[in-house]
Amino acid sequence: MKLLSVKPWRFHFLVLVSLCFGLVLAACGDNTPTAATGATTAAAGATTAAAGATTAAAGATTAAAGDPNATITVWVDDTRKPAITQFQQKFPDQASKIKIEVVGRGGFPGKVLLFNNTGKGWPDVVFAEPNLVAQVADTAHNYPLDLTPYVSADIKSKFAGLDDCIFDGKLFCLRNDLAQNVLWFNKKLMDQFGYTVPKTWEDYLALGLKVAQEHPGYVIGSVGDNQAAETFFGGSNCPLQRSLGNSQVLINTADPNCTRVAGMLDKLIAAKAVSKLGPFDPDFAKLGADNKILMLPAASWYGQYVFKATYYKANPTDGQLGVAEPPKWAADSKTYTAAHGGAAWTVFRNTKNPKLATDLILWLTTSNDYQATAPTYPAYIPAADAWHATIQNDKIYAFDPYPVLKTSASYLYPEWSPVRYDGLTSYAKIVNAGLKDGKTVASLMEPLQKDLVPLAQAQGYEVVTKSP
Amino acid sequence: MEKSARFTGVTKPDEVTRPPRKFVRYLAAYLFSLPYLILMLAFGIGPAIYALIISFTSYKNGRPQYFGAGLSNYSKAVSDFRFGSAIGNIAQYLIISIPVGIFGVISIALLLHARQGRYTDFLRTLYFVPGAVAGPTAILLAIFMFDPRLSPFAPLLKAFGFQTITDVARIQNLPVMITLIGFFSGTGGWVAIFYGALQGVSRELLEAALIDGCSAFQLAIHIKLPMIYRYVVFMFILTFAGHIQLFAEPLILNDISAGNTIAGPTYSPNMLSYFLAFSEGNFGAAAVISLLMVLVGLLGAFIIIYGTKFYKTDATVAS
Amino acid sequence: MRTMFGIGFGSWWKEQQLHRRRNGLSLGGTIIRFVLLLIFALFFGLPLLWLVLAPTKNENQLYNLGSISFGSWGRIGEAWDHLLGFNNAAILSWITNSIFYTISAVILSVIIVVPVGYVLATMRFPGRGLILTLTLITMIVPGSALVLPLFMELSLVNLVDTPWAVILPTAFFPFGVYLAFIFYATSLPTDLLSAAKVDGCNEWKLFQQIALPLAVPLLGLLAFLSFNANWNNFFLPFVMLNQDTMYNLPVGLATLAGVTPALHPELAQTASPMVKGDLALVGLIMSLPVALVFIFAQRFIVSGSLAGSIKE
């Protein structure tokens, strides 16, 4: 059965090669009209955009443009789907014009690129975190509509955390909810141990070392996952991701604002007062169930969704959970806090029905109908006040947490800004993994810098290490 | 033996059909093949050529500028700061997964074949069934199997010093973890194929060797293994071309622990390609890496077709 | 297949004694073989057993009851209710979609593949060698590398986010063409064809009345391979489909795994009641039909029809 010889191989190879060339040429031939079509579409898009711009300029008062009868597609998650349904019930004449799609929003920027490529398919309204909005706001995605003409100055002024939605002076989203970090604590334990809630990070460190001495086994925080970047480094005005416009970012893990955090954490980790487990690790949850969590700097939604739903689920104790403003560094003139989570609504630049799209997101973010009973802390301050009523009587809290949450929201600062790359993943890859290997936070600051810089550069940022 | 005879007896096409009008005969052949040829152009060759075009394309404001990039996408992809580690990771994974896979499949097939019976049939089926647990299910199941709190393998995991899933889920353990997932769902099919091949080994030959005093082990190593050697080469090439495409496993394993990234988004070349395209909007560089992966597959294909004599069709000798 | 379960140790031992000499296995060899096979059996069997049992257990039982243990039948109903509660019972669409996509792809691929294999094996025409070579190449090069350009291609013709974007590419089944080709090249009696030809049969009649009825075992193998590949297809539908009501089970499961607080406590905001056992139930729903098909299809593969196709 020796059927194989060199000759046929050569023959086939040649046929194949020539075929490939033929096909490439054919494809190129085919390609020209495609490109032309693309260009036409692009031109059409540009026209629409121009029309949009004209209308926008025409007036914030009568923000009517495009086709008021056009259908819009809304991308939401499972949690926010009822919000859209509620809008449809409230405005039945608009109901049929809204198409809801529940999607995983992680793929949103990627899909936008593909839609740009094919010239169609964009969703009109999307629920997404500001860092995703940052990604779709670059020139390659070029997705969001500048909402400035549609949102009055008065309404804008009543939003907290709106800085994260402003890119190069353009308002690209409206905040749905805030996830400002606060200091959660176990009031009963604190009283029992005779401790006072720290007001500064220096006090926090001192108290942690004291707890390690006097009550070993109790923890005052967690550095086990990437939230630590936001709670500790974000709480110190450390320039991990300070966007300076669309094309420049300041990253400097050697900044004193960062190294002071690393020093503090290393001491607390060594004393075992801060846990190397992540807040969602089952072992950390067990600490919660065993009532070993004395304090935990974490996001505003931890009260309802982590303490109540996880840590205290097995042994619910009334009036135990207290909340304090995030600590401040003694040397700083003010308190800084970052957020873990907190999303926003963004609208497509070329939406056929900007009136409906913007009406919808204004209603979603500002109307008490939805926000007062929303699952997370509303970004729109009047709505947050209405939301207050839903949580103030929850028995889990030692006192009404709302005033503290509200003040803490005002400590969110624009220098901790959404960027187009995923810095949190870098933090997890370098710092969290390094801690597991027994390294110190301080020793990981330089590797983190080295990982973040090319990541930012790949997204077209110029990286600087000093404030201009 | 009748089986191998059956498969080597190749029909001589010209004897079958000798109609007077060539054209009608060709027409029938083309009509029969037409739907397949359309699909092949659309979904086999078309995307490869499209990828080739994209690899020379630059993008401006999200709009493609065909052939506007020259070779810059190629240099960008190869010099990307994540390219080296992606290649390193995939090499690490291949070095572990391929020998383990091949050695495991050979061992199981030979062990099963050493003595055939109902037990062997049962075990072979048992090894085969995990192939039904594929894709996301297998990865999800693995997340539970690697968790010392949930897993039936907990004693083993704890013996290795793993107390929690976060101890297991470290980037340095990934090649072994992914190898185990692949071995779990991929082995049975190969075992079945190897076993089928072993059944083609002449019974007379085996019995003669036994009479000569061969032990079962010697029989396996000296007689059966050489008989299936070419399947091993075949499996090597196919698993190499397949494993180098690693994508879903590290991606989904990233979800093991909240807020902790195990593999990262650019662990393997395919993940890097996906990330470049979908996160950084660099379709050109992404296409370059895709093409690189296709090239590896093509290389494997050519070796199999022209080097190993496996795909012995009269096509490979036609001219 | 006749006795797969429950063979007594005694009968096994007797059989063992009988066969030992014939297989050249010493006592030590028998024991080593037995131990090794047992280890593999545990490796493959325990996860399967865990998967089958997990839906019967609630979160607490899953952690505390022992990994291989039974919870309660009632838990399965509860798990199903949790799944129905996700995205307006999206799981029902996933199941119907999976069935629809898979059956369409199987039927389409088999219909397309068999005639090609037939003409490649029985006729000689210009371009035949090329088709065969391209078939071999496309069957060896893994398709996953080309999903992205495929997406762009299908977007151009408006097929993205339609069932066709999943069905059509999977109907392209070069391995099936190759199997059909080998089958006809080796098992079609040439005399029969020539006789039919003399009787004035045209090509279509020849195929329909002689070649097709012969191919029943081939159709079984093709359908099995195509079914298996399409039922578990993840990457293609993952990229092609946007709406959750269009997903198939693998993409649905991955989505579920990606957003459920059962795996992501940080997503507890969704207040979904989903637990790990519910995910296991989806996995089970996905694997069970394939497992059954596998148990019955194993025959085809071991019988050598697949091995034969890559035989010298």
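For the reader, a short list of remarks on this structure follows.
A, B and C are the chain letters, set down in written order, and residue numbers restart from 1 in every chain.
Going forward, a contact is a pair of C-beta atoms (placed from the backbone, for glycine too) under 8 Å apart; a residue touches a chain by one contact, two chains touch by 3 or more.
Here the structure is a predicted model, which means the values were calculated and not measured.
Each chain gets a centre from the mean of its Cα atoms; the one farthest from the centre of subunit C is A. For this structure, the chains sharing the highest number of C-beta contacts are B-C. A straight line joining the Cα centres of subunit A and subunit B is 38 Å long. Centroids built from CA atoms put subunit C at 15 Å from subunit B. Distance from the subunit A centre to the subunit C centre is 39 Å, each centre being the mean of its Cα atoms. Residues of subunit C in contact with two or more other chains: 129, 133-134, 152, 258, 264-266, 312. Within subunit B, residues 8, 45-46, 50, 149, 258-259, 277, 283, 309, 312, 314, 316, 318-319 each touch two or more of the remaining chains.
For subunit A, the set of residues that touch two or more other chains comprises 1, 12, 111, 114, 117, 279-280.
For subunit B in complex with subunit A, the touching residues are 8, 45-46, 49-50, 52-53, 59, 61-64, 66, 80-81, 149, 164, 166, 170-171, 257-261, 264-265, 277-281, 283, 306, 309, 312, 314, 316-319.
Subunit A makes touch with subunit C in their complex at residues 1, 12, 15-16, 19, 34, 77-79, 81, 101-104, 106, 111, 114, 117-118, 120-121, 279-280, 285, 301, 305-306, 309-310, 375-376. Residue ranges on subunit A touching subunit B, taken from their complex, read 1, 3-5, 7-9, 11-12, 20, 23-24, 27-28, 31, 35, 38-39, 42, 107, 109-114, 116-117, 135, 138-142, 224-227, 277-283, 422, 424-425, 428-429, 432-433, 436, 454, 458-459.
For subunit C in complex with subunit A, the touching residues are 86-87, 90, 129-130, 133-134, 151-152, 155-156, 160-161, 242-244, 255, 258-259, 264-266, 268-272, 312.
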